[in-house]
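Here subunit A shows up in two complexes: once beside subunit B, once beside subunit C.
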Partner chain A sequence: MSIIEQLVTGLGVPNFAVLIPEIIVLITAFIVFFIELFTKNRALITATTIAGLLLALLSVFSISQGDITLYGLYIVDSFSLLFKAFLILSTIFIIATYRPYFEKKEIYFGEFYYLTLFALLGMMIMVSSPNLVTFYIGLELMSITIYILIGMYRTKRKDLFDYDYKSKEGAFKYLIIGGVGTAIISYAIALLYGATGTFDFMEIASLATNEESINIGLLAGIVLLIIGLALKASAVPFHHWTPDAYEAAPTPITTFMAVTAKVATYAIILRVMVEALPYVSEDWSFAWALLAAASMIVGNFIALRQKNVKRMLAYSSIAHTGYITAALAAPTGMGFAAFIFYSLIYIFMAIGALVFLTAFEKNEGWTNHIDDFKGLAKQSPLMALLMLVFMFSLLGIPPTVGFMGKLGVFLALIGSEVWWLAVVLVIMSAISAGYYLRVVSVMYMYEPVKKLSFSFTGAERAILILMAIIVLILGIYPTLFWNVSTTMSSILIASIGR
Partner chain B sequence: MDLNAISFWVFSTLAVLSAIYVVFGKNIIYTVLSLISTLIMVSGLFFTMGAELVGALQILIYAVAIVVFYVLVISTVPQFKGQATDGKYMLLSIPVGFIVFLELAYVSIYGVWQSSTGIFDEKVLSELGNAKAVGTMLFTKYLFPFEVASLILLVAMIGAIILGRKKEDVQGV
Partner chain C sequence: MTFQFEPANIPWLTISILLPLIAAGILFFLNERFAKPISIIVSAIVFVISTWMLFAYDFSEYKIQFYEKYTWIPQFGVSYEVGVDALSLTMYWLTALSFLISFIWSTNIKKRVKEYFIAFLVLEAACIGVFVAWDLVFFYIFWEAMLIPMFLIIGVWGYAERIYAATKFFIYTFFGSLFLLLGVIGLYVYQYFHYGKLSTSYFDLINVGLPFNLELIFFLLLALGFAIKVPMWPFHTWLPAAHVQAPTAGSVILAAVLLKMGTYGFVRFSVPWFPEASKYFVPVMFTLGVIAIIYTAAMALAQTHIKRVIAYSSVSHMGFVTLGTFALNVEGMNGAIITMISHGLTSAALFLAAGWIYERAHSYEMRDLGGMARFVPVFATFFMISAMASVGLPGLSGFVGEFLALLGTFKVSILFAVLAGIALVVGAGYTLRLYHNTMFIENEIDENKKHKWSQISDLKTSEFLSFLPLIILMFVIGIYPKWWVDLINNTSLAILSKVLGG
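Right after this comes the complex of A and B.
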């Protein structure tokens, strides 16, 4: 029997039953593609996208038996299913805010919808990759789609041409820096392959079993992989694309980048580190600790100086990358649980704050400048109250869930005796009060400067209220998510050396 | 002298000559054309050594895709400023180039040493050939990433069309 016959007979048919969510997302993307081609019915495009995503979300819950399929290149386990469910859920919320915003700014393209779906597919592939090749290809599908989405602020309104120009600038910046990140990751993968002879996480783990097994090639591969992942998750000092790209993109796309894409990146960071390099955790946990400390310090201090709230939230998302990756400095079950918990709750806080900006930017005269927030509590009391909840949660004040997230990371760091990082985390959280509370104080303690009239769609109101309720409920009863995170982290640890 | 040796000498002489013109040529279009010639000659060298896959990839990727991209950039940027006549860059480029050469030489020789490991050892390769071995892996085990790469190309194409479209054409939406 020739070697080709041996290979082919060993393969068999992939288990398509566990791939149903991905298949539904892909088919929905192509259906939207063709609907957009033949009709200009905008309500139909939105409805099809959301229906497809809901179907995909339901199908995630229908999978009861996980599997490693597609010839060992695709893993469906509870970790990937959990993240897929949350990625799809957040995409549904974000897509519901697309149409009113784009129509107001006259940048409506049907392409927004199916490109978002392709990016989501890339993220789903990324979170369920047991192999460096699958991870790389998913990351690329996500990144390339997002470069395009940032640059799509092609407005027909003459007064918004500045935004048009800035959006191209942001997209170009992200394209160049993201391209460098891709190059770094591919070089890292080449080095890891050269050192171990395999792309598979489990096999890499079985070869890198202790400190002695690390040679110079493997070490260089690990360092470059961490740098590339940090760049994609916008950790300092690889964050320079973030403020420009976030500020320049249309706000719903910013939400998509800051929430869905980031959470997918966090998930794959955790999976690569825990599954591929579990026995050399001392090396990477210190690298992540340094990156986390730098992100917290730089992100928070620069955010203090921002006058534009959208740009401020971009720096705040850099700081949150710091808080979340700080949990990796404690490579224990507690640390991983805190990492997963914070990633999940970050979805609700960040969607809340950014959808708020989407809703207000639709109104004429609103520029996201901090002065526009003056006296908002008098003009629009409900919205101001909701923003207060999100700001408190991002800051981490007790009745909201943000406190629980930071507490989890803090306790994990204390448990592993990484005192210096725990101290940095607490001090930087205190400093972040400077800019989060400024938004709140400006809303409640000033008289309105401009006379603006606000109008919001029902979907935006509903999403904001729902997010605020989730943030408060989880803040009072965090056990709900904490149990899930602990289970996930123990499953992840149990899968080492499978 | 058999045909293989003759073709080796012809290809390598032409490759070196056109590489020298790439470095010292003054006209930027001629240097790019000369670069294409170098790459095609190098792929000819691969063919004479029996590495038919690498030779074909060399023509497909370097000679066609990348050099055409260079020509496109040169022809779209007006008054291209890449004047190669300034002598002061020589001071930096010659030592750096030499170091890169040493590294490449080390890696290539070391790679020849190490390349006989893995499931495709020399015996299998002599039975199958390079193209068949790579194709087997690409269309069995790595089929899924290969298919997803087509999606990436589709997305990139859509993006190029949307972002590159003229402003006036957008009015019909």
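Right after this comes the complex of A and C.
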């Protein structure tokens, strides 16, 4: 490590060493690019990617002292390190499922790997941005690579041409709507800059100190910023790209979007709101409360009608955006802790449910239709049991961790006396039981209709079992995660007006 | 209100929660043939522990006994806290008994045996946890976790309409429990703001002095959760569906244990926590209780499906528990608790009887039955005793509880006591009709049926063993109720202390 430190300090930028995780991810991306270009060795590509990510993860843990670097354009604090660690971790799990899936569908491209790494880099930049410009760069890097990733279902198999077409449609839809979102965010940044004369979160915070200091330009900037972020986090009414893009993308990419990209978006939402606009929290907390309520209601009701489980999970992820952003309706330490906690645990539940689909889609004849799940408990009891754990966790039934997430949000909401949103959350949770239970009931209570034979790779099995164990252990003993979340939220609050 | 604790030397309660869970975990990796013996042995051990506790419990003064406490989530002040008073203890004992009986009865299960026993073992752990937990988060976790195995039990091993029934059961109770959670969190947050204390312990939350209007709100939130579980009219519609579709052992657990959770919640939480609101809502609860008693009794009279009759009768009996609880005097409270125990015994026995009949006659419909009594004398006797106990014949368990509950009600409102008393007669009507139409009317049935009945065998050993403890206990409670009243009297007084004192 010391050689790298010497090298980077040699560049003359102070505190450059805290950028090591990003540098490792970037270098890995280029190495993978060249390996793909010259050797096409698939095992080597996967191994290099995962090794690079593990190294990056290690370097995240090796950073003991956070710092501001790149002359104030980049902040590495415990908040961003925490999220970076989880982003890298989830990417490792997801990338481990890439190869068997792509080979089976005959859409294997080395591009998947280094584009994923670039997207990850974008997310890492995003979560450690103290500044609207850095945030924008990270967001764009993430979004543009994901547009490409969705559209890469370029199969050679004639029977999958429909998927090919749909994937292009989904990618294009996301490109258009995401592009609009980007435009909105850039306009918001322009307005905020016009009103305050700075891009820096802290300086914006020092200017927007109370209700009187908000002029029309600043207000418009805040509103547009919230809209743009809501669009990226697929909150209703800006969710229309989500189901199509999620359903159309190759399932490992869906997992990457629904888990890693989402969590990074949640992190930046929290960071922008708390660091840039802490003194006007009453305004944005109500906006997020409305968005959360709409997301829960629309997401859950539409999910009820879905016959395709992948699409259902897309709507369920909209609903989960609702549950998570609901915590912002309580702009208190408890609310932020609940927000962080739910974002982190969401990783495990969602990876579980979506990797399950990845594993099954590899088998011939599997279409993700709810009928395909019939009688799964007989055909592969272990897999069905794991899916049951994930479904109950997404539903929020103890002793799974989903309950702890919702408990935190409840505590925050009631602590801030936002009773109406708590009641909406309760009713919508009960409604969501309808579709999560359907998956469980078709697996356990019906006879199989199709005679399918299943085979899974060891990696998929290991990931699913690991996720289920994490979900159960955290459900029984969430103390460690709560500690982390409450510490993070107090650090966030303490750093206001730094 | 201050409590006295008597810590447990050996953590019996933790053992009886963990034992079924561990057994379920081990069973997952074992061969199917181990499922039955392991389950029966484990539940027998738990039952022995609980029976021993029943005698070891010192009822001369109100103390939380066999008490254990370990810190669990310090950020929220959540701890693992278990212990028993007489109410918890009797419910815990009833749970252990019902599960032992269910396991013995289930020896003839053929379909997916291993999963069946795993589900029941997990359910047993969760049910015991609900009754002995004193920490609210912990309580809630068991309260909800219990839904998962029950959902699977109804949905996988039930009858034709099982999936609809299971889903309805799940969503209904889940919906109610979330409001319960809201209420508990509301109280917790109020405690934090006004007392600066982070604790979800029952013993702290009970001392939160609420303003009257908040008390009303929290009472209603909790009551919604409990009322769905009891179930009280008009939230009872999940119950007939679930009972009818559930397998026999599932129905037994549903009636004997799960319904008690709702009434347990009212007795344990609503009354002591919200004394003023409880007083305020007495007319409402009385009305709902009496409607439940009369309406469902009338519904039961009209049914031809025998399990449906018993299901409606359960709702009706639960109405007496509601009346007794909200009479808010010691007779009523004692009556409510004894009715809970007694109903656990009688409804379990009646559902076993219904299951037995289905196994022999392959029908639950009254028109396919009748005239069995002469061919199966032992079963007919047991069925008769259970039916009589359910009706409330003096000398059997049903009488004691309902008499006390009515006595308590009478002290508060003569009108409601009379109305409920009338319903007792209707209760006798539907239960006797049930018995009459399944066991007697030998003259009215055709030769075919008679021939069929002459072929069937009387109780098998496992069935006999499941019935026997229930029948014995019905007599024990009915003939010598003093011991039971003594056992729970101090607990009832402690539960009512805030209502009566204030």
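Everything below uses one rule, namely that the second predicted complex is superposed on the first by the 485 of 498 C-alpha atoms of A that agree within 3 Å, B and C clash if a C-alpha of one lies under 4 Å from a C-alpha of the other, contacts with A are read in each partner's own complex, and residues count from 1 in each chain.
To be clear about the criterion, contacts are C-beta pairs under 8 Å (C-beta built on N, C-alpha and C of every residue); 3 or more make two chains touch, one makes a residue touch a chain.
Treat the numbers as computed from the prediction; the structure is a model and nothing was measured.
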Which superposed partner A:397 touches (first subunit B, second subunit C, both, neither): second
Which superposed partner A:440 touches (first subunit B, second subunit C, both, neither): second
Touching partner for A:344 - first (subunit B), second (subunit C), both, neither: neither
First, second, both or neither for A:115, with subunit B first and subunit C second: first
Touching partner for A:226 - first (subunit B), second (subunit C), both, neither: neither
Partner chain(s) touched by A:479 [first = subunit B, second = subunit C, both, neither]: second
First, second, both or neither for A:197, with subunit B first and subunit C second: first
Overlapping contact positions on subunit A, where the subunit C interface meets the subunit B interface: none
Partner subunit B, residues of subunit A touching it in the complex: 2-4, 7-8, 11, 26, 40, 70-74, 108-109, 111, 115, 118, 121, 125, 133-134, 136-138, 140-141, 144-145, 147-148, 151-152, 154, 156, 168, 171, 197
Residues of subunit B touching subunit A in the complex: 117-120, 124, 127-128, 132, 136-137, 140-145, 148-149, 151-152, 155-156, 158-159, 162-163, 165, 167, 170-171, 173
Parts of subunit C lying in touch with subunit A, wherever the complex brings them together: 72-76, 115, 137, 140-142, 144-145, 147-148, 151-152, 155-156, 162-163, 166-167, 170-171, 174-175, 178-179, 181-182, 185-186, 188-189, 192
Touching residues (chain side subunit A, partner subunit C) in the complex: 377, 388, 392, 397-399, 403, 407, 410-411, 414-415, 422-423, 426-427, 429-430, 433-434, 437-438, 440-441, 444-446, 477-479, 482-483, 486
